[in-house]
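I'd like to ask some things about the structure below.
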Amino acid sequence: MISAALAWTFERTGVDKIWEALFARHIPEAKGPVAWLYALGSATLFVFTVQAVTGTLLAMNYVPSPDHAYDSVRFIGSEVYFGRFIRGLHHWGASFMVVLVALHMMRVYFMASYKYPREATWLAGVGLFLLVIGFSFTGYLLPWDQKAYWATMVGANIAGQTPFVGSYVSKILIGGAEMGAATLSRFYALHVLVLPALTGGALVLHLFLVVWHGISEPPKRVEKGS
Amino acid sequence: MAWAIAGISAAIGAVLGGSGLGYFISPAFAKREEEWVDLGSVKEFKANVPLKIDFTSRKRDAWATVEKRASAWVLTPNGRDFIAFDPKCTHLGCPYRWDDSQKKFLCPCHTAVFDVDGRVVSGPPPRPLDRFSTKVVGGRLMVRPSSGGEAAA
Amino acid sequence: MSDWHASYRERYKKLKEAGKPFFPHTVFKDALVAALLLAVLSWLAWHHGAALEDLADPTDTTYNPRPEWYFLFLFQALKFFPGHLEAVAAILLPGLGMGFLALLPFFDRGPERHPFDRPWLTLTGIGALAGFAGLTWAGYNSPLTNPIVEKDPVALEGQRIYRDLNCSYCHVLGGRGGKVGPNLDLALGTRDELWLTKHFRDPQSVTPGSTMPKLNLLDDEIHSLVAYLATLGGGPFTSEAPKLFAENCASCHMVKGKGGDMGPDLSLIGSAREKSFLRLYVSDPSKINPSSSMPGFAGQLTDAQIEDLSRYLASLR
C-alpha cells in the first residue's frame, strides 16, 4: 500500500530522481580538517535562509518611512514577542553572511577550485558576493538611526566619487539630491525585492553548477617532472 | 547518521520556528490599552437627556500615535451616575441619533429603535447599545472608549 | 593549452565514484556546522541584540559616523588619499579588486591547484587579506573626533513630539518659530516641571484664557516633552551659579560683554550646546577637546556646583 503510493508519487513527480541527483551523488573524499572547509558554502546558504526567514518577519512590522521607521524598529524590539531576538538574529546574521561568503571565497581562491570546468560557478559566486555587499549596504539604513543615516551618507558620498558621473550615481543611489524619505523607500525596495530576486536567480545557478560539475577535490601538489 | 541529521535539523527548526512563530502570533496577545478621555464637567449634563459628545483621543497604534476622533452618547439619570453609549448601532454599526419627541434612539439604516437606556425597542439589533466605561474624577466625566463597547456592560 | 581538461575529467570521475554519497556524510557535516552557527547567532542575538542608536538627525554636528566593520577598511583607506585622488581609493581600487576576482579563472588557467604551486596568487591573496585586516584594525582604533555625549532617549522622544505637533508654528525655540505663543527661548526656565505637566494636560488649567489648544497628549508623551524642554534650558539653576561663573570663568570668558577674552565668548553657548555636554566640558575639557588650554574644574568645584554652573550656561542663549 505504502510502496504503491510512493511509486505513484515518484512516477508523477520524479522526486526519487531528484533525490538521486542531489543527495545520492558522490563527493570526492576530503580527508582531515580540510573536509570542514567544504561546509562553508552550505553554511552560507543556511545563514541566508535564516536571513530570509527573520527578514520576512521583520518586514511585517517595519515601515520604510522616516516618520515611522525608527519607531517601528523600536516597537519590534520592545513590544513584539521574540522581536528583539529575531532582529538580533538578522543583525548578526548579516555580519555572518559577509564572513562566511568571504571564507568560502577564500577556500575556493586558495584551492583554485574556480579552474576548469568550474569557471561559471565562480562567476555566479562573485555575483553572489556583490549581492551580499548590496544587502549589507541597503539593510544598514533601514533602522533610520544615527549610525544608519551617517554611514549611508558616507557610502553615498563614496559612490559620488566616481569619475565624471559621480553626482548622477549618488543621486540615483539615494533617490534624490538629499537623503530622506525617497532614500529609505528605495533602499527598502532594493533590500526586500530587487536583491532577493537577483540572489535567488544567482543562487539557483550557482547550486545547479555545483551539482552539475561535482564538488572539486582537494588539490594535490603537481609532481615534479610530470 | 540520518537520525543525527534529523535531530540536528529538528533543533534548528525548533529555535528558528519557535521564535518565528512566537513573533508571528504575538499580536494575538497584545494588550489593548485604552486611555480615559475627559468629556467635560458633570454639570453640563441634564438628567435623562442624552447628549452627544465629540472628542479627540490620542492613541497608540502599534509604533505610531494617532489622533482618533470619536463620540459618545452620554446619559445621566441624576447627575451623579453616568452611562456612555458607543455611538454605533449594535446591528451593523450605523450612527444612530436621539429623537427628542419620541424619547428614543433611532437608527437610520434598518429602522432600529432603542430606549433611552439602550434597550432594543424594535428592529434587528441583537443586543442593547454598547456602553463605554465611565468614571467621575474631580467633577469631570471620564470615559474609556473601546470599539465594540465593554462587552460585559 | 587545454590538453589537461580531458585527463582531469577522467581523474575526477574516478575520484567521485570512490567518494561517499552526499547524504548522509556531507549533509551531516553541514547540519553540524549549521547548528553551531545558529547556536552562536542565537547567543549573540539573545545577549547583545541589535543596537539601535538615536533617531537619525541630519542636523547633528557632533556625531561620529562609522561604517559597519566590513566597510571600515574602505573608510580608513580614504584617509590616505588626498582629495583629488580620492576616487582612486573609493572607486578604482574596489573596482580593480572585483575585476580581478571576476577575471581570475580566465587568466589562471593551468592545471596547478595547490596553493604552493601558484605562489604569486597565493601571496596576492594573503597580501590582500593582510591589507584588509590592517586597514580594518587601523579604522577600528582611529580616535573619535567628536566627543560622545549621551543623550536622554526620553528627551529625544520629546524632541520628536515637539516636531510632530508643529509646536514651532506658534512658538519660537532655538531662534526659529512663530510668534503666536510665548517665545520658549525666553520663557523656559521660568516654569517648573509640575507647571509644564499641568500645562500640557490642559493649558487653560494653568493659564486661563490661553489660546493654546488642548492636545490630548498621552501621559508618557507629556513626560517626554517636559524632559525635552528641561534639557534645553538645562533645568533651574540657583542664584549661586552666576557668582560661580564670575569667580571661576569670567577671567577668560565673556558673557554679554563682561569678562576676559582668553577663551570663547559664551553669551550664546546655550543655543549651541546641551547641558550634558557643558557639564562634561566644565569637568574636564581635555576629554572633549585635547588641545584646549582650559583647566578642568572637576577637583575645584563640587559635582553639585558644576551641575549648577552647566545649567546656568545652558540657559545662555
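Chains: A, B and C, in written order; residue numbering restarts at 1 for each.
Note that in this section a residue touches a chain if its C-beta (ideal position, glycine included) is under 8 Å from a C-beta of that chain, and two chains touch if they have at least 3 such contacts.
Keep in mind the model is a prediction, meaning the values are calculated, not measured.
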Chain whose Cα mean lies nearest the overall Cα mean: C
Dominant chain pairing [most C-beta pairs in contact]: A-C
For chain A paired with chain B, centre-to-centre distance based on mean C-alpha positions, whole Å: 46
Whole-Å gap separating chain B and chain C, where each centre is the average of the chain's CA atoms: 43
Intercentroid distance (Cα basis), chain C paired with chain A, Å: 27
For chain A, residues that touch 2 or more chains besides their own: 50, 74, 85-86, 89
Junction residues of chain C, two or more chains touched: 23, 25, 27, 32, 34, 38, 42
Interface hub residues of chain B, defined as touching at least two other chains: 16
Sites on chain C touched by chain A in the complex: 2, 4-5, 8-9, 12, 15-23, 25-27, 29-30, 32-34, 37-38, 41-42, 44-46, 48-58, 60, 63, 65-71, 74-75, 78, 86-87, 90-91, 98, 101-102, 104-106, 108-118, 121-122, 125, 129
Residue ranges of chain A in contact with chain C within the complex: 22-29, 35-36, 38-39, 42-43, 46-47, 50, 66, 70, 73-74, 77, 84-93, 95-96, 98, 105-106, 109-119, 122-123, 126, 129-130, 136-137, 140, 143-151, 153-155, 158-159, 161-163, 166, 179, 214, 217, 219-222
Touch list for chain A against partner chain B, complex: 50, 53-54, 57, 60-61, 63, 68, 71-72, 74-75, 79-83, 85-86, 89
Chain B-facing residues of chain C, complex: 23-25, 27-28, 31-32, 34-35, 38, 42, 215-218, 221
Chain B residues touching chain A - in the complex, by the definition given at the top: 16, 19-20, 22-26, 29-30, 62-64
